[in-house]
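Both complexes shown next keep chain A, but they swap its partner, so chain B is in the first and chain C is in the second.
Moving on to the complex of A and B:
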């Protein structure tokens, strides 16, 4: 999907001198250069989109801060203080140059710097995503390969049927179901709400992490596992696997030496995309479990029109999407 | 007892239809048996059954495969695995897909060995050396993707011979290769069998290839061996009408022969079969052939034939076609190419290419893979940008790219692709695919379109009802005819044929060549791109030889084949296999 954002530097014959320069620098430097150029162009576009889209949100920030009873004079003063009366392009430039220096501004709610506000929450969210990925990748690999090697067995059929259902369910329904099963209606094994006190890392409260991670992992495993299964079946139908059988190799060697590396080559780009989806999924899942991460923060900030926070968070999610998409592309090209 | 004995081998699919039907053969160590047949004759299934293997959906249902006295079909588990690399080895048709793209050559060869790891490198090196490949560590570390087609096929051969098998099964190992590489691989196979006293079963659809390498030849049709005898007997005095027909389909480089196409299409699979498998296509069939069970007759010279005829079928004398060039002395060119150059980003593929095709003339463009002949054809049709030069059709200059040309210019010059399995849209009926060409290029509209489609199908001798079918329902020959109809429907003046027969069996090739010959006689001009010199001799009036993007020789075919001047042409000609019978010796 990042193909759409390909910067013109990649276009053949865009610059007459490109070839000669490319030759001098060598193909690696050229690839890297074009990658960086693409990243810069894409992220600039993303930042502009984020900024203008959030600016376009309905509502007047000054009125929101001062309340309905504020006089027009006080509103004007506050707008001036916040810089809201300046042209929007100037505001964008201020914001962007701040972002480039690592300064995302101040929260409108409590005047805390956005970076410190986000910092801890980001660690919480990344912990969640990381734990989910650490489960998703090996489990979907295992499940996918077992389903493929035991094609049409009860396991395979159950996996396919279940994955159809799970893939059709949004994350918040899976999360709600898990809460019902393990935390409220059926059993009370786990806490339904993930409370992590400020200053603690989520790893100190593992029970609080189990259900959110399980929610993300469930949707991830059933999606990625299906892809692994399909690519493994493709590979086992290939002529080189037939050839391996005709060479008299053992089943084990055929599966792990001949089939798996080729199946992985197809599944790794998909895994990078799943990682990107997981970052997006974190937002929803955090809300379901009241987990103190960037997702919860985003929902709160949207509620009180805390523009600098919203902008910073959306930019972070967009950048991570971009990164994992590029990673998927890079694996695909190999 | 012979080293290899196959007795009454049968392979069937789920409904009981036999893909391999009661095949028996004997082969001594060091001997090569050639198996020839059209696609669908069951020859690949037979090859796999020699290793006690059947593809998904098929099953070996009976018989014995004795190699060195051991029945392969009785083995299971570890003994079977050991027999598959130690006793019977397999060489695949397409090494590009049969070698694992992720594993090094070294690993792929050494893993078939059962010796301890430390003793394997010298064996791997010896196997590579005996197929003429380097044994340097850099080469061993390469993956198949970094090798040429010929090298890949040699790696597959090295992999097969490394454990020292007694029987080598080769399934069309040279089909994807150009003539020069093919000649080297064939020579290598013959040498390896001789030196290592290995028996080999060599499978191909091309009788000329099999005749070159085999001691004995079996002709396969509908899953049966319809004839088996010495190579000389089968190629010079075939006894089965099908063998006769196959030989009549083989083109010659020595004379311009009319090629005999076999009417009808290959026998389909049926659970219950009655009478002779070749009954429906046989020109000599008698009433009882459709009813009686046809047994194997043993001939006095040891040959075996499944036919009721007791004498040789009469050889229809091969017709020699007039070679006079219709364009001789013509002042006008149907297609004129002047100083054309083209390439890909840094790499120039064509240098200063000039050629001309007269009205009603067929000019062959000959060269090995990589010589630039397909790039040239794509430049002419406007699919590939040219860097210099001019292209004129009957004096009308064409823009470099197709989208810059007028509809009329695009109608005038039409292209037929190499692979009819890939060139027709699988989700469209044949009729729709043909109609698109007329509609898009504005040759006709409304009800006239259907009339044009019907006329085009008739011109390629396909029944009009075929317009409703999808490409998957057609045989390879029918598909290529449909592709030709799609070109003809625009009423072109010049046809560009890009290797149009190289994906087809020899017998189907014959029918396509004869169809094109008919179109030439109607006055169409043709540029015929090919690497097959026998095909050139069969149809072309003049030939132009391309080497590394430059024209090295251009002459009337008669002169070119009698006295090739350029060493490259001489080499190509020397590597072209010739069936003695076709040569008329």
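Moving on to the complex of A and C:
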């Protein structure tokens, strides 16, 4: 991944003078309205895709539940119970209206409501993502700014070289390497699997969290750090900072009072992007460490075709992933 | 973009000198149409070449590997048993069921070697078509295409793939199709962004006014001007498809037993990391060399783009 990912992607409909926000609340509000409307339409299509991919593709949920030996009569009864004999659009509408009321249906495995099944797992995953973001943001700001202000120093070169390598590593490989380093022969400091008993929060088992968080943080810091470095250098090269230099302001003042705030503003979309990546990363990283979150639950549910759980989890992941991507766009387009 | 990103690396300077005056962009002598093209500019970069060579070496390794495997990679009989450290005849030891790790390493790259490049090339090709068409026509076409892309962009790549694979069944062609569908929107967005400013260029305005067909304008006027972002995308998407395909195999939704690849090798032997680390670390190493090669290529191309933008 390179700085280029952040290269201004263009802005359909973005007015050139949109920074004059205060004066023209009208267009700004209209723009927000159209963004929200677009998001609603997109998310409706996303939910339809999730539903049809799961409910319509395999064809026969009843057979999945009852197994291959089930008699046609029993299959028909169950289909009627589950409402599978109704048109697919009606099923979709029922499911969607349930989702909007916070009701994701029942797990096929034990008839537990999906919402209560997911609840605790969701807290575990959010804790993981949150802890990672709390590390990623300040550390990558620090590293990125130091690399940018000491350009071509050994630190900058080491950071660039290392990021070229780390950014190329899939999350599951970073996790595997961390296990090799900290949970086997090299050092025995940390557990290789994250055991968090049902009913406990991950914060009561910090050692179980360290390696999964470190995995997400490693991939996040080198990615966001690169973006921060690039945007800081961009700002330093801008006319605005050149102006401040000509006015005779000291380097320190220019760096911290002028360049830094601007670079931070430029780094916000990048940070939202990293938040989105972290949501995607959580799924794989949880599997690596057997961490009891929604990612692990998703992999398990896909394995035993527990459709209501799959639908709920994929929808939750997609909505939050979409939200952070959109946030990145919204900041970018200003 | 940073100044050092813009400065040519020593290797690049050397290649430029070797290629003669035509390569030096500053020389007023008129270079050939090819030498001036974005693609030539990207391929002239030493870093892009280094990454490309590294990637090609890994692909060749994966293709030739199966023929070099000293043992049957799926036959543990006659071996020293599971998780055996390196011994005579088993230079990298054995895996979780006693298969020879070296043979599996050599034979386990073949899927990745065709699936990852096939996904990346197809995704970049389709993404470029969508992006350029959206930029060229604008209006309703643009709006519909890009909103459709938004729907697909709402899924993290790995989640998108395992969702459909678990429903339809793990077939290699399906994996490639899913990686492509998952990556097209990202490519389309970037290339639409690169193509939009071209609309205002004089030669495009002229060609449109002269009634030259749209397809010809896109092919002859747009394409030559988006080669460098295209190459950046190609490198990056190759890196991501290797990573995604390996992750999918690791999660158990890719290549299925008794077949195997580098991703499944890591998953199968991960519980033996303590006693027989080679069974895990060696497939990790080859995947990593493959992705780093493509990243070096992508970053090299990104530098060229930055330099070109500065020149314009």
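Note that in this section the second predicted complex is superposed on the first by the 294 of 334 C-alpha atoms of A that agree within 3 Å, B and C clash if a C-alpha of one lies under 4 Å from a C-alpha of the other, contacts with A are read in each partner's own complex, and residues count from 1 in each chain.
Methods note: contacts are C-beta pairs under 8 Å (C-beta built on N, C-alpha and C of every residue); 3 or more make two chains touch, one makes a residue touch a chain.
The model shown is predicted, which means the values in this text are computed figures rather than measured ones.
Undergrad: Going by the touch definition up top, name the partner, chain B or chain C, that contacts more of chain A.
TA: After superposition, C is the partner touching more of chain A.
Undergrad: So, does A:262 touch the first partner chain B, the second partner chain C, both, or neither?
TA: first
Undergrad: Let me test your reading of the model: by the given contact rule, A:245 touches which partner, first (chain B), second (chain C), both or neither?
TA: In the superposition, A:245 touches chain B alone.
Undergrad: Scan A:253 for contacts with chain B and chain C and give back first, second, both or neither.
TA: First partner only, chain B.
Undergrad: Looking at the overlay, does A:230 come into contact with chain B only (first), chain C only (second), both, or neither?
TA: Second partner only.
Undergrad: In the superposed arrangement, which partner chain does A:283 touch: chain B (first), chain C (second), both, or neither?
TA: A:283 sits against chain C, while chain B stays out of touch.
Undergrad: Now for A:192: first (chain B), second (chain C), both, or neither, which partner does it touch?
TA: second
Undergrad: Regarding the shared-chain residue A:169, is it in contact with chain B (first), chain C (second), both, or neither?
TA: A:169: touches chain C, not chain B.
Undergrad: Both chain B and chain C touch chain A; at which residues?
TA: On chain A, the residues that contact chain B in one structure and chain C in the other are 12.
Undergrad: Touching chain B in the complex: which residues of chain A?
TA: 12, 19, 238-240, 242-250, 253, 257-258, 261-262, 265
Undergrad: Where on chain C is chain A touching in the complex?
TA: 1-5, 142-143, 146-147, 150-151, 153-159, 162-164, 166-168, 189-190, 192-193, 196, 229, 232, 236, 239, 242-244, 246-247, 250-253, 266, 270, 273-274, 277, 280-281, 284, 287-288, 291-292, 294-296, 298-299, 302, 305
Undergrad: Quick one: in the complex, what on chain A touches chain C?
TA: Of all residues in chain A, those touching chain C are 1-5, 7-10, 12, 38, 41-43, 45-46, 49-50, 53-54, 57-58, 148, 151-152, 164-165, 167-173, 176-177, 179-180, 184-185, 192, 229-230, 233-234, 237, 276-277, 279-280, 283-284, 287, 298-299, 302-303, 305, 310, 314, 317-319, 321-322, 325.
Undergrad: Using the touch rule from the top, collect the residues of chain B that touch chain A in their complex.
TA: 48, 51, 53, 55, 80-86, 90, 92, 94, 97-103, 111-112, 159, 345-346
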